[in-house]
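To keep things simple, chains are lettered A, B, C and D as they appear, and every chain counts its residues starting from 1.
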């Protein structure tokens, strides 16, 4: 995981503060849950909240405390097997679809594990002249945990949204109206520089910074709204094969989809499950919980298209973003000059660079300061439980 | 569910006591569990303990309190949807494979629900001249809950036995050595009467009592032991197709089976997961957790066979039984004169009379006085998470 | 495969004639087919006609010529791999679902193979004092090929019936009206002898002859007709769960069944594919191509039941049978004293004695003299491509 | 399907000649097959040769003769249902996995159908002043049939290569040694124009021609050979997860892959099935029949990468290509300004632009003059039955 290092005394304190805030924030996200809510895995992409709490902790133990602190004693040697996600280099692990079978350890023991590791990291960072590489790992661990915070919100919503009783989690993570007037942002043809530039942290997939040539285009200054999406549905779009990719059409048919995830039609009205319960769909808020296939089909229906990730990045300072992640027309591929780091941390991004689509922006569930113009999020095209939406573009 | 009715004043008190003991016993079985242990469904045949606690309660609400007590107010109208098992006549329900997704209601609310219904039944039975049919339903409900107590033990063992940490539940439900000397019990040819006879409770599948002719046979006075089963394994039986049904051989290959469920080989020694943790296999105890296919193959290997359920019943007073259920060579079919009762309770047994094999006897997890000579247990041939074993027979 | 042996000079000629007729008949069944029709395997239970032609030939080569004629040279050593069906003792073979991938050898070469083996058997039987065991194998091989003749008809019908163009095969194998007046045949309680008795050929599963006690019952003198079955359908039976086994109900729903196999509704009329093309359903002919689940549900709907195989055999001389095989209420289990023969021929019947239901009688596709009162046919409960029908019974 | 039109008198004759040659060539490819070989569909991606023969014929009937020749009478109205591939706009069709069940019509009737349509097209084109759009469709139909010629070769190889007897098809379509010395072709950074330019035929996916910026790179002048690939295997690459995409690693494990398709290890030697039978792997010939995952992993192992499709096209005149298609690192996405044509022909390319990887070049099975520098072939990453290989590239 190549990243911009360099830590002074004062940044060390900042980093420690970030670490502690991050650890606290994860626990806050789970605070409204019952112990039982921490257990289920209703689909393979969703992990039990208990697992997120433990896995983000194991990451610090495995990659920071273990290698860099010779005095550290592993909290429980079984946990590596239970809470490794996908790092082949870090040893065996339970199969992903079996995460929801692990009732043990109970939530309280996972919280104890968290406290133990949070304290151990704090002591380790505070008390000695820490190697620069260890501080890099710490930084990566914070960003890693921030990513899991967002997944936690997705997964909690999925777990609660599949209870027949539609329970209330709380008021957080709701979407607001997109209030600005619709405008096209025109962009001129030319060579643009793409990828991270600066001294802060970035992921390896944002590098190397490089040049792309863009033909002239324009990009919308606001997200597609629920109101527009209801028109799309009402037009019969979910049964018009001409709007869809072949794979997308199969996906619709196999799963019998007729609306975004969490939408339910009752007496002719569209309701949606939110973390605040089942409520009428707000036509002014951005549409959310749609797959790449649906985003593509909506753009087809409009006679427009999705922006590429390069078009998005080149224009990103000219519109506001951050309620939902935005599907782009770009497949997730390495930038010129990208190389995987050796070992487990090299598995972080590179091995997923096939069969995935890039999303840009951020969502209401994204940790503050976690995203940036060059940030590349990615998911498989059918993903709907993520906080995803649509911004349109057009060639000129 | 036709059963022998007639309740006097004193039997009413006995019945109420049985009901309360039964309710208490179910809760005792779950007492060693964490809230998290109540949630997972690691395979479709296993139900979450929370579900058993609630379903056995719903049964009394649905079939006793609702129809017979006009003053009863349903505890929560969502619960019928959540906790109906398979009664089509009692309305819609969540799909069986989704039971493990229901983190709500939490365990504590299920226990509140239990208390509410236990009290309502107690009040209802105590305070008024209850219809004979209501007492029949109460009796059935007790026997139904006793069946679920046994399933609870199976399911808890499966959930805990699939934790990588092999947690300890407690000392209950262990098997003892079969200490008696091996003997064959010889049985003469003749007409035997089969099926329930008496004034107590029985299930509809034990009726009508009828006659069968048996050719001469003999039946073992003890169960096959782990020691004998280890010899069977050591002989290469799991790779000798000649010993197996075609379906059984496929079952072995698809699931890569080489030993009973819960057996693990470590350094050349066989260990088994028990509710008391991972321990060496005891060669003197009866073999347990084998499918019908394995029971059949073992008998083939011995040059013997499994008894039919009729042979078992005819001889049952001449040997001891009750550590594990015993696979018979009989498919689960209706007795002459069997008729399903109308409505939901008719779904109790009859609709399962295909593709199942009969087991006779009882197990250490069977409620006291729940079983009897004429009792017909049944499971699909591949079932291994049940407390099942082998008794041999032979034609003369 | 234990069978009644003893061959004199004149029976030797009879046997040879039977063999040659049998070989010829198999080829006649395939005569109306194109080479292309010999190839597909539209579901796993169906084998390509080419495969049947070759497999029945391989059987004589493998079990008769190879072991008993030291001068015989195997026609093609690859064929054992291609045309062994399920005899684990006879070596490796292609997986059953892959039979339809084998375009080679072409039909003409299979016919050459048939001629070669037919001639070799004829020469072998004619020219030397053949061992009694060889004649037993020859007899078994004829009966084996007769069974495949019937499967050939089923499989040809399935292949042609799944062509969108519903091609005509020919006039053979159609059903006639059941013209007799409906009557119940009453049967008294008592001990009946069951199983083959006599000096002719029988399968091992018809032995040992043994005694069963039957409670009093009655059995219909005619088969259920298409007309009656259309009433059953019209009554809503395919959506009334109370009539069905739990497994049967799942089977209906998963496969979206609403009528027997080969039935098609057009403009409110029921048509059925026959080997003579798509024609209106004849209400006077027996219903055909129904699963055990449908047979059971029909009987439930009538307030009757299916006969057991013992009831059927005890009464079989008192009604006519032979248009379609008749589902019984009996699971396919060994008779008392049954033992598998050692080696490959022991795999013929015994290893299928689980998860199957017995059918009794014969069908229009059964070779003349192939069936008898004691004959036990068996198929899995969902089977519908076989020539199966319904006879009702009732307890008295 | 936008394409460069304009037909003069003499080009009309050329076009007709191309049409007739093309039709003849398809039939030549099938000439070595038996009728039986035309039937099987051993995996869902493979179509029966009979289907290709008919489908390419239906294409001319459906899109050329039907719409443009008012006198044309459809040969058989059932054929549209049988031989439409994936054109939703052209009506219903049999499900793709069921193509191998259609034994009817027989091969000879399909050949008759071909003759009929070939003649009808010839007459139609020869005898009247044909609309320019009709000539465009004819041109497209020829290119369409050429694509199916290549698929025919793949599918024939798959069908024959899965016969246990490894039959010989003939000498065609073998690979030669890559004899040139290995060299890197260096390429400078800059803006390159990508996409089709010229007056001939091209597919819509090659347009619009547009500009891309390429960072400096180099690209190999020869394909990776079997010899190099055997070293890759021998190094343990198929069990080193660090070389693989996560999806690729799953693909290996699920399918238990250890070598390219058609490779068989015998006595420590690698053999491969070719259309000329089973022969030792030639170390000097290019590796063939590998998935995108394997191409990627090989490049990782070499410390290199696959070229993007833009890098390939920019450099294509500087190396020879054409024995096998070359996997690129580019996902199959629309070019700027791409729009689907309306109606069925718009389904030709656009709806597949997700979850596919681009291949560039041509193969020994590609029709002469069918490919070009701008030609974009595409397949899903796991595809191995195609004639695919590897060319390496590197960033500078």
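Here are some notes:
The rule is simple: a residue touches a chain if its C-beta (ideal position, glycine included) is under 8 Å from a C-beta of that chain, and two chains touch if they have at least 3 such contacts.
If you want to know which protein each chain is, UniProt gives these names: A, B, C, D = Ergothioneine biosynthesis protein EgtB.
Model, not experiment: these values are computed from the prediction.
Fewest steps needed to get from subunit A to subunit C, stepping only to touching chains, is 2. Touching subunit C and subunit D at once is no chain at all. One inter-chain figure worth recording: subunit A and subunit B are separated by 46 Å, centre to centre, where each centre is the mean of the chain's CA atoms. Between the CA-based centres of subunit B and subunit C the separation comes to 37 Å, rounded to the whole angstrom.
With centres defined as mean CA coordinates, subunit D is found 58 Å away from subunit B. Multi-chain contact residues, meaning those touching two or more other chains, do not occur anywhere in subunit C. Residues of subunit B touching subunit C in their complex: 86, 88-89, 189, 191, 210-213, 215, 217, 241-242, 244-249, 292-293, 296, 305, 329-331, 333-334, 336-337, 340, 346-347, 351-355, 357, 381, 395. Against subunit D, in their complex, subunit C makes its touches with residues 34-40, 42, 50, 78, 81-82, 94, 98, 100-107, 159-160, 162-165, 167.
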